[in-house]
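Paired with subunit B in one complex and with subunit C in the other, subunit A is shared by the two complexes that follow.
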Partner chain A sequence: MLTSSRTQLLASGGMIIMLSVIAVFVATWFGPATERMLTVFFISLTAVVGIGVYSGNSGILSFGHVAFMGVGAYASSLLTVPAALKGATLPGLPTWLADVELTLIPATLIAMVFTAVVALAVGAAISKLEGSAATIATLGLLIIVHGVIIGWRDVTRGAQSFFGVPRVTDLVTAAAFCVVALLLARLYRDSVSGLRLRAGRENAIAAGAVGVRIRWERLISFVLAAAIMALAGAMMAHFLGAFSPKKFYFNDTFLLLAMLIVGGMSTVTGAITGAVVITLVTEILRRLESGFSIGVFDVPPIFGTAQIGIGLIILLAMFRKVDGLAGLKEWEERVLPGSTLIAQVAPPSVGAQDVLSGEGLTMQFGGLTAVDDVSIQILPGQIVGLIGPNGSGKTTLLNMLSGILTPTQGQILLGGRDLTGLSSPKIADQGIARTFQNIRLFTNLTVYQNVLVAALSTHRGKDAVARAQTALDWLDVMKHVAADAGTLSYGDQRRVEIARALACQPQVLFLDEPAAGMNREETDALMEILRRLSADLGISVLLVDHDLELINQLSDQIMVLNEGRMIAQGTPQEIRRNKAVIEAYLGTGRENTN
Partner chain B sequence: MDLFVQQTVNALALGGTYALLALGLAVVFSIMGLINFAHGELMTISGYTLMYCGILGVPFAVSVPLAILAAVLAAVAMERIAFRPVRGGSGATMLITSFAVAMILQVLFQNLISARSQAVALPQILSQSVHLGNVIIGVNKIAAIAATVLMLIFLDRFMNRQKTGIAMRAAAEDFAVARLMGIRANTVIAGAFAISGLLAGVAAVLWVSQRASVDPLMGFTPVLKAFIAAILGGLGSLRGAVAGGFMLGFIEVYLAAFLPQEFQEFREPIGLGLVVLILLFRPNGMIPSRFLGLIKV
Partner chain C sequence: MKHLILTSAILAALTAPIGAETLTIGTATAQTGGLAYADVPTMQGMKLAVEEINAAGGIDGATKIVLLEKDVRSDPAQTSIAAQELADAGVSVIVLPGDSDPALAAIGVVSSAEIPAISTVASSPTLPEIGGDYMFSNFPGDNVQAAVSAKWAWDEGYKTAWIVYSPDTQYTTMPLYFRDVFEKLGGEMLGVSTNTIGQQDFSAIATTIAAQDPQPDLVMTSAYEPDFPSMLIALRAAGVTSQVIGSDGIDSPTTFSLGDVGENVVFTTAGFATKGSPLEAFDKAFEQKYGTAPESIYSAVGYDLIKVIEAAVIVAGSTEPKKIRDAMADLENVQGATGLITYKGTNGMPVRQVSLIRVKDGGRELVGQPSPDANLIPAPRMQ
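Then we have the complex of A and B:
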């Protein structure tokens, strides 16, 4: 399923095909030298977009995907090299492989599947790592695969040149394959998986809390990216005819990454822009490299001009345009309107039927006990206020109940189902949604995407669009749907966050300081919305806030935490008169004796 | 048994060099989140300084401090010119910046000095060896181990006793709060780069003293290994970097010595495979940084 408007995708696809066709015609008109250059460009672009599928959407830079290009090149070549030649150059090859002789397309497809399987195993390991650690692990992957290719002489001829590959990649083939890769990458970006992955890139914790299993989505994109790299590798092998392991090592990795980063890694537009810019600059500088003369001055040949040029372009891009030349949006997302909303469909409203209870919850961080033996119960449709001084453990309690922290001791039950120790995506799917004290929106996604991704990732994405729209309607943020979430005012961001949680169709909603930073009018409006959520939809709410007026007016029950312990529990009237609460908030005071 | 002792000494020497490099990477990473690809070029600069000193006839005792000083100055200059503009950027941004710096420096070395490997004059004593029973140990190995130990003690003292060192640890823990406490960001970051340059300089001297030659890509391989060592130990953790460096040294040397002949070709993949295996069980490294991944929700 795709998450963006059909108009945008069609425009993007049309443009990709049109540009490729024009490029092919122009190159044919210029002659064989240009044709060769453009063929290499198409192959490079395929690889760039392949790396982009993983790195762009997940935000984790990968040095390792060029290794998959190598795997694809060797795997496809082993299938297409004439059997007679294989017998001579690779005498150690197992017979079943030695006798095979396929044409380019089946060989490429098999190579892609093989590479995807390898990537699945590798990706399962790498998806456990985060951020920079994952990046360095991909660097390790590049070295390992290079080492294996060199060592596995019977199959790869080791460090020597692997030759005799039929040179069947012509300009049109390369262009066609490249278009396929570009379209795949573009569609993946706006597929459900791609959207989830981008949400995870923007904010991993929030993505988990709305039901996104980030590791799984990363693995999907890792494997898809590897398959596209294998396609590029197969094309490269059948273009060059002969290659060695060095071809798929650091030099090409750096060149391809430079294209991706200069253009902008999170979009297909960026990949194309970067590939064009770097290819042009490289071609121009290569000409200068051999030395030239301006009038009377003879500029001596400087070895590596192209490399220095690329280096400087990267520095310039990093200093001036961190997100690359194309930025974070596809061109068509800037030009064409986004998703048009469909007619209102009332989503099935479940409301709460189950009691959420935490029993004897304790959280220790090293020697510090942040929450100490707290039990809490939220009845269906109730609004429970949770108050307490700063550092009393309110947010920690919320984090335990929403699966972000696993309690050191204690049990969490929802209608008798044990939720203790479940991951936050699973808890979200069980019907507990939340907002965060420091707003955690997916800042570079639109408001609509923010809410949609939550609806798509819970309850198997059933009626997702309708749920997303209803949630947006409820919080009165429909007018902002097309804006990037990060550009909204503080109060609107809070509302979008609540809408996002609501789109998960929760039984219980946790709100961590929803009124923080809102003025009185906004707070009153919010109060009205929350009251209706509980009254009309029957959703239970656990509300943390420092605004006691808000808490007092809304809550059916109030719980008071102090230094990690529950010191009082009761109706607002009871709490107002409770001695322990007054002490915790105002201190014991001293009798004024003079 | 003798072979084992011999190889253990080799492993300590190699692992020590990796540890120094990984430590240099970790000091910078823990404070500003930059994985410095150009760390290897600091080594190369040090190496070339040694080479030129040798050509000019400067005594070795003088050329070593000069070489280390060159790396320190280069590190500080690198921060000022290339990394300050991207400070606070994402990890990927800074990584790519450092990679561009590395690429430019490599091409400059190739053009301004030589693309080929250059010999470095070393004192005779470094190529001699000592007999301990049946074990023969190269003086250069002993020097490497001694230098590593000295550097580790120095750094430990510096980080725990000196004001700048303590400020750097505070900044690694929480940069924003450290700044609120009146610690200057520029001082701490420049200090971190100076330390990483110092470590790279010492590592370069040790590396060159085993090989007696310098080339434009000299720093590339050892620093690549140091990246892996830093991850293995736990990214951002200083103790982890040292542990990871030694661990990688041991894995490499023992595999080279004891792996059956038919597997020798796969030595590197097997070694890295072992590293991956360790990481699968400890995704945050052997001694994880306490502050990495500690996010306030």
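Then we have the complex of A and C:
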């Protein structure tokens, strides 16, 4: 299923195909040298967009995907090199492989499948890592694959050049494969998996809390990216006719990443822009390398100018445009309207039927006990207020109940089902949704996408669009659907975050300081919304806030935490009179101190 | 201004003037990277020859030579691309890098474009064999060099040997040819070690050889810098006193600046400037042009490469690539800086002189310039 408007995708696809066809015609008109340059460009672009599928959507820069390009190149070449030549140059090859002689397309497809299988094994390990740890791991992958290719002499000729590959990648083949890769990448970006992955890129914790299984999505994109890299590798091998392991190592990684970074990692538009810019610059500089003359001056050959030029462009991009020339949006997303919501019947609210209870919850961080033996119970449809001074353990308790932290001791039950130790996406799917103390929106996704991804990732995505729409309506943020979440005012961001939680169709909603940063009118409006959530939809709410007026007016029950312990529990009236609470908030009176 | 630069760039790339009076030679050589140690001095020698020939009015007094240069960064893939660009530009001859691996990468291009190609200093006899009709070499073959050094060693009375080779390139497998010849002569191999190019920790190999009792009479390798100096230092540090035999890859200033460690190393190479020899004259001309003496034999070999092309063009009477190829394959006794060069009767691997050099007092001492017995030379094979 695709999550963006059909108009945008059609425009994007149409433009990709049109530009490619024009480029092919222009190059053919200029002659063979230009044709070959364009062929290399198409191959590079395929690889760039391949890396982009993983790095752009996950936000994890990968140094390792060029290794898959190498795997694809060797795997496909082993299938296409004439059997007689294989006999002479690779005497150690197993017979079944030595006798094979395929044409380009079947060999490429087999190489892509093979590479995808390799990537699945590698990706399963790497997808567990976050941020820079994952990036460094991909660097390790590049080095290991390079080492394996060099070491596996019987199959790869080691560090020596692998030659005699039929030179059958012509301009049209490269263009056609490149278009396929671009379309795949573009569709993946706005597929359900791509949207979830981008949500994870924007904020991993929040993505988990709305049901996104981020590792799984990373693995999908890792494998898809590897298959596209294998395609690029196979084309490259059959274009050059000869290559060595060095071809798929740091130099090309640098070149391709330069294209991706300069153009913009997260979009197909960026990949194309970067590939065009870097190709033009390197082609010009490479020609200048052999020396040239300006009027009366003769400039001698200077070798290495191309690399220096690319380096300078990267520096320039980092100083001027950190997100790359194309920025974070596809061109069609800037020009054409996004998804228009189709009026749909609002989904039935489930309402809460189950009691959520935490029993004897304890959380220790090393020697520090943040929450100590706290039990909590939220009845269906109830609004429970949780208050306490700063550092009293409120957010920690919320994090345990929502699966972000696993309690050191104690048990969490929802209607008798044990939720203790479940991951936050699973908890979200069980009907517990939340917001965060410091807003965690997917800032570079639109408001609609923020809410939609939550709906898509819970309850198997059933009625997702309708659920998203209802949630947006409820929080009165429908007017902002097309805006990027990060551009909204503080109060609107709070509301979008609640809408996102609501789109998960929860039984229980945790709101961590939802009124923080709101003025009185906004707070009052929010109060009204929360009251209706509980009254009309029957959703249970656990509310943490410092605004005691809000808590007092809304809550059926109030719980008070101090220094990790529950010090009081009861109706608002009871709590107002409770001595321990007064002490915790105001300190003990002078008469009790020595 | 921007326009001007762009236009000049495109002009520089596209307008290699090709007419009746010029011969365009495209060079796709390794001016940077691991093979630059060989290709940079080779290029200097080539330019000297081009200058001399053009100053005299061109080949046969009529055809001026133009060089169209590309750097391939010692990379096979880049060599294939550069060779294709040169073919597109319509050059008559293509010069390829000084190792058979990148040179092999251009096979497809040169055979389909039917342009003769010569590697600067690649010495693997398999290069012209696999490369086909249009691929030529410009250096004494590995098998010939190994036959010369093995024969010399046997005649010197060395009976046992140890070889260190790297399967990473064709060139670094030369010791395997040495083993064949040495065993054929009656010598005994005490052991074989392999190394990885660019991996300069030789302590394990050195200790293994030092632990032999008795140590081998000689250690033979075709490692080149930066590996060779490290290997030699490690061997001597571990107490290996055996004679060390190397190949043309160590014919560079580094080898002569190693001090005591380098003393007495013997290696094969493509020439030696005896008194009154053409090489002595070349060295003088080189010094005049560049201000310093050539740093290795490769410069003279580069000079020879242009002389070979000149001879072929004269015979062909044309700058047409196909005719040049046919003429080149038939050349006999072309006088180069290092001696006489013959292609006739070979598959593209030239017959040319091999010199045995000993490092003495930080300089070179000629051990001999023997012609090996044809029966001793092993057949070329892919390693």
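Definition applied: the second predicted complex is superposed on the first by the 590 of 594 C-alpha atoms of A that agree within 3 Å, B and C clash if a C-alpha of one lies under 4 Å from a C-alpha of the other, contacts with A are read in each partner's own complex, and residues count from 1 in each chain.
Everything below uses one rule, namely that contacts are C-beta pairs under 8 Å (C-beta built on N, C-alpha and C of every residue); 3 or more make two chains touch, one makes a residue touch a chain.
Just so it is clear, the model here is predicted, and its values are computed rather than measured.
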Check: Does the superposition put A:Phe319 against subunit B (first), subunit C (second), both, or neither?
Finding: first
Next item on the list: Based on the superposed arrangement, let me know which partner A:Gly304 touches: subunit B (first), subunit C (second), both, or neither?
Entry: both
Next item on the list: Classify the contacts of A:Thr395 with the two partner chains as first (subunit B alone), second (subunit C alone), both, or neither.
Entry: first
Check: Does subunit B (first) or subunit C (second) touch A:Lys246, or do both, or does neither?
Finding: second
Note to self: Which partner chains sit in contact with A:Phe163 here, subunit B, subunit C, both or neither? Use first/second/both/neither.
What the structure shows: second
Next item on the list: Using the superposition on chain A described above, determine whether A:Gly140 touches subunit B (first), subunit C (second), both, or neither.
Entry: first
Next item on the list: Answer with first, second, both or neither: which of subunit B and subunit C does A:Phe254 touch in the superposed model?
Entry: first
Margin query: One more residue to check, A:Ala125. First (subunit B), second (subunit C), both or neither?
Written below: first
Next item on the list: Please determine whether it is subunit B or subunit C that touches the greater number of subunit A residues.
Entry: B
Notebook entry, point to check: What is the contact status of A:Val281 with respect to subunit B (first) and subunit C (second): first, second, both, or neither?
Noted result: neither
Note to self: By the touch definition above, which subunit A residues appear in both interfaces, subunit B in one complex and subunit C in the other?
What the structure shows: 150, 153, 158, 303-304
Item checked: subunit C-touching residues of subunit A, taken from the complex the two chains share -> 32-33, 36, 40, 88-89, 91, 150, 153, 158-161, 163-164, 167, 236, 240-244, 246-247, 251, 284, 287-295, 301, 303-304
Item checked: For the subunit A and subunit B complex, residues of the former touching the latter -> 55, 59-61, 125, 128-133, 135-137, 139-140, 143-145, 147-148, 150-151, 153, 158, 205, 254, 257-258, 261, 265, 302-304, 307-308, 310-312, 314-315, 318-319, 322, 395, 399, 404, 436-438
Item checked: Residues of subunit C defined as touching subunit A within the complex -> 4-6, 8-13, 31-32, 68-71, 73, 75-77, 79-81, 84-85, 88-89, 101-102, 104-109, 112, 130, 167-170, 197, 382
Checklist line | Sites on subunit B touched by subunit A in the complex | finding: 29, 33, 35, 82, 85-86, 89-93, 95-97, 99-101, 103-104, 106-108, 110-111, 115, 224, 227-228, 230-231, 235, 265-269, 272-273, 275-276, 279-280, 283-285, 293, 295-297
